[in-house]
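Two complexes are shown next, each including chain A; its partner changes from chain B in the first to chain C in the second.
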Partner chain A sequence: MEQFEFNYPAKRKIPKRAHVGVVGSGDLEVLLEPIDSPTASVRIRTSVDGFKTTWKAVLDRFFGRYDGAVHIEINDAGATPGAVSLRLQQAVEASES
Partner chain B sequence: MSSAISSREYLQRRSFIELDARTRAKSLFDSRTDRELAGPFDRIESPWLPLQGVTPQADDGCIVMRGTIGGRQAVVIAFDGAFQGGGIGEVSGAKLTSALDLACRDSQEGKPTSAVLLLETGGVRLQEANLGLAAVAEIISSIIALRQYAPVISVIAGPIGCFGGMSLAAGVSSYIVMTPEGRLGLNGPEVIEEESGVEEFDASDRSLIWSIYGGQQRYNQGLVDVLVDDDANQMIETVRDLIAQGIPEVHRSQQVDLYRSRITALDTSTQWDPAVVLWSAASLARPTGRDQRPTDDKKEHHQ
Partner chain C sequence: MNFRSIRPHYLLKVDTAAISCGSNSFDVSVPASVRRELEETNFVVVRRGVVTENWVPIGIRGHQRSQRWAAWYPRYAIQGIVKPMDLLTQVDTMNDQDVSPARRAFKSLKKAWQWFTYPWGPAGSFGFEVATGKQTTTPLSDLDVVIYADESLSRRDAQRLLASADDLEVRLDIRVETPICGFSLTEYATSPTKTILLLTVAGPILGDDPWSKKDCLK
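Up next is the complex of A and B:
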């Protein structure tokens, strides 16, 4: 298992927290919570070692469009980059609905 | 049953199995009465899994919700089969036990609180072996304590089913509800195949596995109180009815003589065919269909 953290600038306060997904094979769990400072932090724990650059690429792309001030925790059980992006979008949707 | 519903009804029904554990639990409560206890943001997760290189889940795969069902106090504990096969670890076991104990305390204080266990579990989580086993022992004693005051209902809906120590927990509950897709057994098919060889038991033979462990078989054997289709509305109605019905006069696990006599009556000199119902309809005098109530067991017991 590997753990790492990424930080991004953020502008917008978000209304509420959200929890989506499950730590099942090929899937992941996302916990998304609003924070007060204008930043976004992401902590990832993944069961598959050696993919830090891929995680960074997926998150760079996500935060290229998302400006919420959040702390995100991801518990991953080998999800593909596509699955990660979809879960992140789902968490955002849940936090703004 | 499945054969009786049209394809249109089949397509339009709301599957219970397809709901995730949290949504299953929530669906049982009266609208807006539910609240989750020790949820994912409380981050009560397994301390043992990361040490073994396994990613933990923020709720340890166990969802606890409190609210009312049909106007009566209830707690629902749901296991997430997608996380570690729904396996019981130290934390998920403690969540279940605490929920049952709180329900028991409330019941003793004059506020009867039923428990509904949504079981989707292979039993003890092997990474937490001894702690999981200890948890199962605690779960069983907590169920037996609570069932004196309020019904404990085990629901085995999905294809993971309920195995190992948790099948014992289901066995001591007041009522068991299954779907034909569910499975119930002590030793799972893979375990038997591993131990005794594929000639003894072929775990890849799905029709064989379901003909032995499946909801229909367990219901025919009289080990399950209600068999429902995979339909959320039917499931909600069934759970509500059983809670309203209250504690059974005699719990299944108290009927030691009945089950001992059934086992004694089994002829093991020839290979049992799953198509032939054990303790057949003649001896059980059970009609088939959904409107089964555990009163049949009691009649049988008193005969």
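Up next is the complex of A and C:
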């Protein structure tokens, strides 16, 4: 079990919170919460140790396009980077629909 | 045997000498301690991937939940196939002394799902334990089960399955396998979004119909 946090700049207010995904083998859940300050933070808890660089790469890419002011909690049970990106995309869609 | 009849989560009894890890040999790719354990049980799990006429994609269990080695196994060398559905009945004949939380939970689940007619059974560490007789689950293990839904399963039935399994003593992880992808029953039944995560042989995608080729194979 490993835990880490990343921070990014943000510009845009987000209308509502979202919760997508499930904590099951090879899957993850993403909780997205709007915040007032112009920043974004992500806290990750993962059952698989040793992939901090991969997480950072996935999140850097995500926040390269996303500018929402949010706090994101990720509970991961060994999802692939592809699945992580899709879950983030899904959370964004749910928070803006 | 039709080569499409080997599906993810099936267990294969293998001869370890026939396992292929691609360009590296099995001995180089997989640590010695894991190889020794595999040689005790000789069971590997079929992972999601393209099953060809000659090769089956397999996963080898490591010591920790997060450790899996991906490899390939030649179809001609398969010594036995154990489906989760076979394990469903095998649980009843197991010795009841030293009953684990996973096994108790599984028995309650089986009772609760008596009305359910789709093929299903134990997977993950509990499935492995039932198939090999080797203690694999811990008191903290999730109970993994898999449902093979060749016909589409309604969201209402998915909700009913979940509702009848909500008081188990361990966390339940229910995977559904359709002919074209796999997904989480919990997400399908409860997701606030229209799309859910579908695991296909080409990787994960977001889609709203796990039985639609158009959705899964684009």
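FYI, the second predicted complex is superposed on the first by the 97 of 97 C-alpha atoms of A that agree within 3 Å, B and C clash if a C-alpha of one lies under 4 Å from a C-alpha of the other, contacts with A are read in each partner's own complex, and residues count from 1 in each chain.
FYI, contacts are C-beta pairs under 8 Å (C-beta built on N, C-alpha and C of every residue); 3 or more make two chains touch, one makes a residue touch a chain.
Note that the coordinates shown come from a computational prediction; the quantities given were computed from them, not determined experimentally.
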Using the touch definition from the top, say if A:R87 reaches chain B (first), chain C (second), both or neither.
-> second
Of chain C and chain B, partner touching more chain A residues | C
In the superposed arrangement, which partner chain does A:E73 touch: chain B (first), chain C (second), both, or neither?
-> first
Mind working out whether A:L31 is in touch with chain B, chain C, both or neither, as first, second, both or neither?
-> first
Common ground on chain A, meaning residues reached by chain C in one complex and by chain B in the other = 19, 22, 24-25, 27, 47
Once bound in the complex, which stretches of chain A touch chain B?
-> 1, 17, 19, 22-25, 27, 29, 31, 33, 45-47, 73, 75-77
Of all residues in chain C, which touch chain A in the complex?
-> 65-66, 124, 142, 144, 173-175, 184, 186-187, 191-193, 195, 197, 199, 203-206
Chain A partner, complex, touching residues on chain B are 20, 39-41, 50, 53-58, 61, 80, 82-83
Chain C-facing residues of chain A, complex = 18-22, 24-27, 47-49, 78, 80, 82-83, 86-87, 89-90, 93-94, 97
